[in-house]
Amino acid sequence: MSENSLNYLSKEKINVAVLGAAGVVGQVFVQALSHHAWFTLAAVIGSDSKAGKLYSAETQWLLPSPLPEPATKLILENLDMDSLKKRGIRIIFSALPAEAAKTIEPTLREKGFYIFSNAGALRYEKDVPILIPEVNPEALANIKNQGFPNKGFVVTNANCSTTGLAVALAPLKKFGIKEVFVSTYQSISGAGYPGLASFDIMNNTIPYIQGEEEKMIVELEKILELGAAVYPHCVRVPVLFGHLETVWLSFEKPVETDDIRGAWQKFECAHPGLPSLPLHPVVYSDESRFPQSKMSFWGSPSGMQVFTGRLRKEKERVGFSLLVNNLVKGAAGGAIANAELFLHTYGYECGLNTGGQEVNDEKDRG
Amino acid sequence: MSENSLNYLSKEKINVAVLGAAGVVGQVFVQALSHHAWFTLAAVIGSDSKAGKLYSAETQWLLPSPLPEPATKLILENLDMDSLKKRGIRIIFSALPAEAAKTIEPTLREKGFYIFSNAGALRYEKDVPILIPEVNPEALANIKNQGFPNKGFVVTNANCSTTGLAVALAPLKKFGIKEVFVSTYQSISGAGYPGLASFDIMNNTIPYIQGEEEKMIVELEKILELGAAVYPHCVRVPVLFGHLETVWLSFEKPVETDDIRGAWQKFECAHPGLPSLPLHPVVYSDESRFPQSKMSFWGSPSGMQVFTGRLRKEKERVGFSLLVNNLVKGAAGGAIANAELFLHTYGYECGLNTGGQEVNDEKDRG
Amino acid sequence: MSENSLNYLSKEKINVAVLGAAGVVGQVFVQALSHHAWFTLAAVIGSDSKAGKLYSAETQWLLPSPLPEPATKLILENLDMDSLKKRGIRIIFSALPAEAAKTIEPTLREKGFYIFSNAGALRYEKDVPILIPEVNPEALANIKNQGFPNKGFVVTNANCSTTGLAVALAPLKKFGIKEVFVSTYQSISGAGYPGLASFDIMNNTIPYIQGEEEKMIVELEKILELGAAVYPHCVRVPVLFGHLETVWLSFEKPVETDDIRGAWQKFECAHPGLPSLPLHPVVYSDESRFPQSKMSFWGSPSGMQVFTGRLRKEKERVGFSLLVNNLVKGAAGGAIANAELFLHTYGYECGLNTGGQEVNDEKDRG
Amino acid sequence: MSENSLNYLSKEKINVAVLGAAGVVGQVFVQALSHHAWFTLAAVIGSDSKAGKLYSAETQWLLPSPLPEPATKLILENLDMDSLKKRGIRIIFSALPAEAAKTIEPTLREKGFYIFSNAGALRYEKDVPILIPEVNPEALANIKNQGFPNKGFVVTNANCSTTGLAVALAPLKKFGIKEVFVSTYQSISGAGYPGLASFDIMNNTIPYIQGEEEKMIVELEKILELGAAVYPHCVRVPVLFGHLETVWLSFEKPVETDDIRGAWQKFECAHPGLPSLPLHPVVYSDESRFPQSKMSFWGSPSGMQVFTGRLRKEKERVGFSLLVNNLVKGAAGGAIANAELFLHTYGYECGLNTGGQEVNDEKDRG
């Protein structure tokens, strides 16, 4: 987490739960929430059969740093809404598989919980925002159409590969993006655990990821409202973490690479004081081998930023490459940032912010 | 080699030499020529310091099948043109690095040798064809502008990633290709040996290959004369063999995916009786996970074919994926096929075909 | 297959079946039997649900060369013993999972079928031989204790990592092996398909393979009857094919490395005229980087040989490394060689050899 | 770094330099020293040609977390002893290649510098300790035989694979270790940068690392003085970070696995208050798949601990597996710990500790 994030509620942190804590995205939630400035991870919810067992013992830990010390004591629970409420838990981060999410998340919403979900199940419901705080913070207001504050709500983050692209394109929207050609180089962690068989992907690339290309088209439009044509190819590559993407764009207006470079450099997050959000959502470098998949760093700021490079113009089109950490910015980290934005915006309204401190929106200088 | 290739010169095979035999492309030449129907590999030429030593002892063998038995007896030679001529060697396959090729290949040509080169050094000379027999056989005639038959000549094959694309696009040229968006997933064998450091590419992708994107643009135009705009991204991935490519095309005329599918299925090689050339240069499948890098098979026909799949239409554009074995069709195998076409076309003229047999152009049914 | 293998039954090949043809070992059976000198692959048997469908369409092909042409026409069948018998099929190669093998193989044996099984299920039955023709051909006679020729029988090949070790140790038995320390570097293909999750094994090694160390201890003793103490460590590494093993031995008598080297070089197969068996079961090289996993070649002889290297003495112990192709010599190829030895030995007795040709035991010189 | 390490010299940190800062071990020095409790990284010394340039710009960064912010401002220097002395730099961490170290390190020592070297060049000099603070802290006293405090000295850490083994064996020494059989699974980062060609190691294992087996034998004896016979096999595997090792031991006395388990659990560092040294040098788990290469975590404590598992007895021998982070505990982290022990022991004597604070040896509870 960025060091200059302010301690929003210094007197007491807010208890939160993670649903689907055993999977790889669940693990990133656990890791990121173990030392979070505003949240205390108070409940990890898994399958009923494992309830009562130690989270650390039941989890095949998949991340490149050890299970954080606070998480070593967590006990897996089954989903018991009364129990959650008794402990003051209203915010739930969901790393459920799509099928499970489809039935569980609406129920939780109905019961008044605030769901920040990485699942795709409800993303295409009209009033469920696909939220990226740096990109479309205004979409958060849709939670009122879901019944908030009388009821709960679901806020989703975008599909991992869409997230990287949406962040990189957001500051270019003003140039009138007409066409987006994108090819992805998606790491195996994007397929969850156990995900792909090693026999299938070692020493191989697979130019097909079920439903992924459709998601990019639909989600990019819902988030950015570009009205652009999107032409994706989604490909799995034998890399553990990080999604690289190569892009060609066309614009309504004449655009030079300096315009693009400048737009990325000037692009600043409106809420960088939120713990997970860096001031600069996009980091551009002219160095010829920037970015690369291995730059999929963890935590904030590096894991929450989109890295762009290889910018060039060919005839009237502009090409570049981007990298997004699919598990941090593209999944759990994105959902946590969404919860931070919610708390910052509606904390008073829903009684989660009793201390009255304001978020300091001073910018990071990292 | 395809089983139904005819033995062109049954009485005596033609002696050939490989220049730069130690590198990875050199090794594929050695492998493919060890049991070739028309050629006998009579000389392997390396650096002077290794002359006189056993090829098998000096070579770090890199291919997934053992050094062929006939090649175990080859002795490395330095480049001695008189010695080559005394042994009746006129045809030389060059796997030289670009820098070395720039000076050596013109000298050999001047001295009357027929060079089939995988090096990029002379590809952009006006009269040096970039030849793919299935695609632009007419380009072979340019050797006359180089002085053949009075002098020697250089015939090149295309850059590995360009080769795959050119073969897939050739039968679509009739639809009027206007724009080509291509992203590559290039294996490390394309960088030669030792090539990339393992530290750089293991668990990583690198969206930059020096000069590669420029080559695709220039070479595709020289081969196909599409007059199209080409937008490439060339990316290295942690795979040993095979270049995958994702493509979006636009056309001057309305084109349906069935038109594309049909064009590939009907596309036949004009000279499938040549030992290395399969009847069907493009193999298409509708199966969702076809093609993949691991389908980089060896020999002919599979190693000489371009596999296409994932065909679909999005608005007015057509997308697909392709796979080319960068070392076979995209390098040594392509150069050998070029030599076969030359022999078929000009064998009588240059006295290399004394037997008078005709190539049987009957098609394979494989 | 080795080129100088004689055509045992030139007038008619023997129909055989493969049980469990969809898995990775099943695929190696299909590949090796598609062009076998003595056998015709007449039936591929899978799960009932796929019966009637094309083998090529239902199989996720995992091997590094394409599905052989004869196999493209095979139709998956369910296990119907009457149907097999009607087609004269007596020999069945089993690539069943251990659980399934435990019930199916005894039934088939009871019904008179000759089972050459890669499954571990019956390996430890007293009268079921674990057979490696170069090592313990005499064990084949145990089929009589199973009731042959009145009944059928089961002959197993050893576990893949045990096979490599047993072949390398066989010619050293005469020195009185007292202790065997062995650490394995086992490829993921040894775990079958889908086998390990990519998330578990990419960029990782795992020093635990369930039951593997016990198998090495028990099977090595059953095959070689060394009476030696065996200390194994079995480790999975991120490699597709081939099991490397490092070994330290102690002996009852003083032994020099030259004794070992000589024993390997003099070690010859008693039946090299059998189609799959090379004359030299062990190939030794003093080259410092021999062997390596990537030398896991296919077919015979290279895929059927064990490669040894790095031979050295430290105090009174001898160390070396070995490589075995776990899918060929260590699985399907080994089982096929067992069937060849059976046919050579008992062909007349069971009426499978009506032609009366003798196997020519002339040695290969490869 | 462990959180409870005390700030040794709170008033002022000690300026240190890194020699050979561009390589992979140099980078781990830079990373670990960027936020060190006692040291300030004041000079990064590279080749003369790069002197004056920004370290961050000249370095191909190889580690899985970003270059630390303090290091982004460092300027590469050439080796200027006067300049170093003017800035009060006496402690130099050396990541030089062996050849360079052989001439440079003795010169620096002669001039009064305190060298903590990862290079193997001087390891076998009688008075140069191979130091592992948890294992043989008494060896530090040998610096007096090199002339300290009147002159400088060289203290080395062990070869990476030896380090892991020495730490695991240290608490077992009391049982009388007679024989050590060890096979390594060494990551490519142990070969430095650029190190192995990707073509050589991807999808491969190589059972030969030049000089490595000899190092293990000699260094283990110098550090532990076991008088034991050591039988190593050193193998490179396609993994980025971490060296796994499989071990079989024999003892002079009867030993049960519980004795071993207990010895590891009771094994405590005598100086856990030093910033880099965890209380428990060995972390044992009975879980079947512990340890694995991917548990090569960074920083302290996890990167400084040796993980052991798979403990079992076979006849009278004891087997287990271990994992060491070859770049942290096995290289830069080990050298830094050595410098901490030196400062703790001789800080007053050499005037580097003017503040008079004592190290608090309270143990970590992590």
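A few remarks follow.
For reference, chains read A, B, C and D in written order, and residue numbers begin at 1 within each chain.
What we mean here is this: a contact is a pair of C-beta atoms (placed from the backbone, for glycine too) under 8 Å apart; a residue touches a chain by one contact, two chains touch by 3 or more.
The model shown is predicted, which means the values in this text are computed figures rather than measured ones.
The most distant chain from subunit A, with centres taken as the mean of CA atoms, is C. Here C-D and A-C were compared by C-beta pairs in contact; the pair with more is C-D. In this assembly, the C-alpha centroid of subunit A lies 49 Å from the C-alpha centroid of subunit C. The mean-CA centres of subunit B and subunit C are about 38 angstrom from one another, to the nearest whole unit.
Centroid to centroid, with C-alpha atoms defining each point, subunit C and subunit D lie 44 Å apart.
Of all residues in subunit D, those touching 2 or more other chains are 202-203, 238, 240, 294, listed in ascending order. Contacts from subunit A toward subunit B in the complex involve residues 181, 183, 185, 203-208, 210, 217, 229-231, 233, 235, 237-240, 244, 246, 248, 288-289, 291-294, 309-310, 314-315, 317, 319, 321. Within the complex formed with subunit C, the residues of subunit A that make contact are 24, 60, 62, 188-189, 193-203, 238, 240. Only residues 64-66, 69, 202-203, 294-295, 297-298, 302, 366 of subunit B touch subunit C when the two sit together in their complex.
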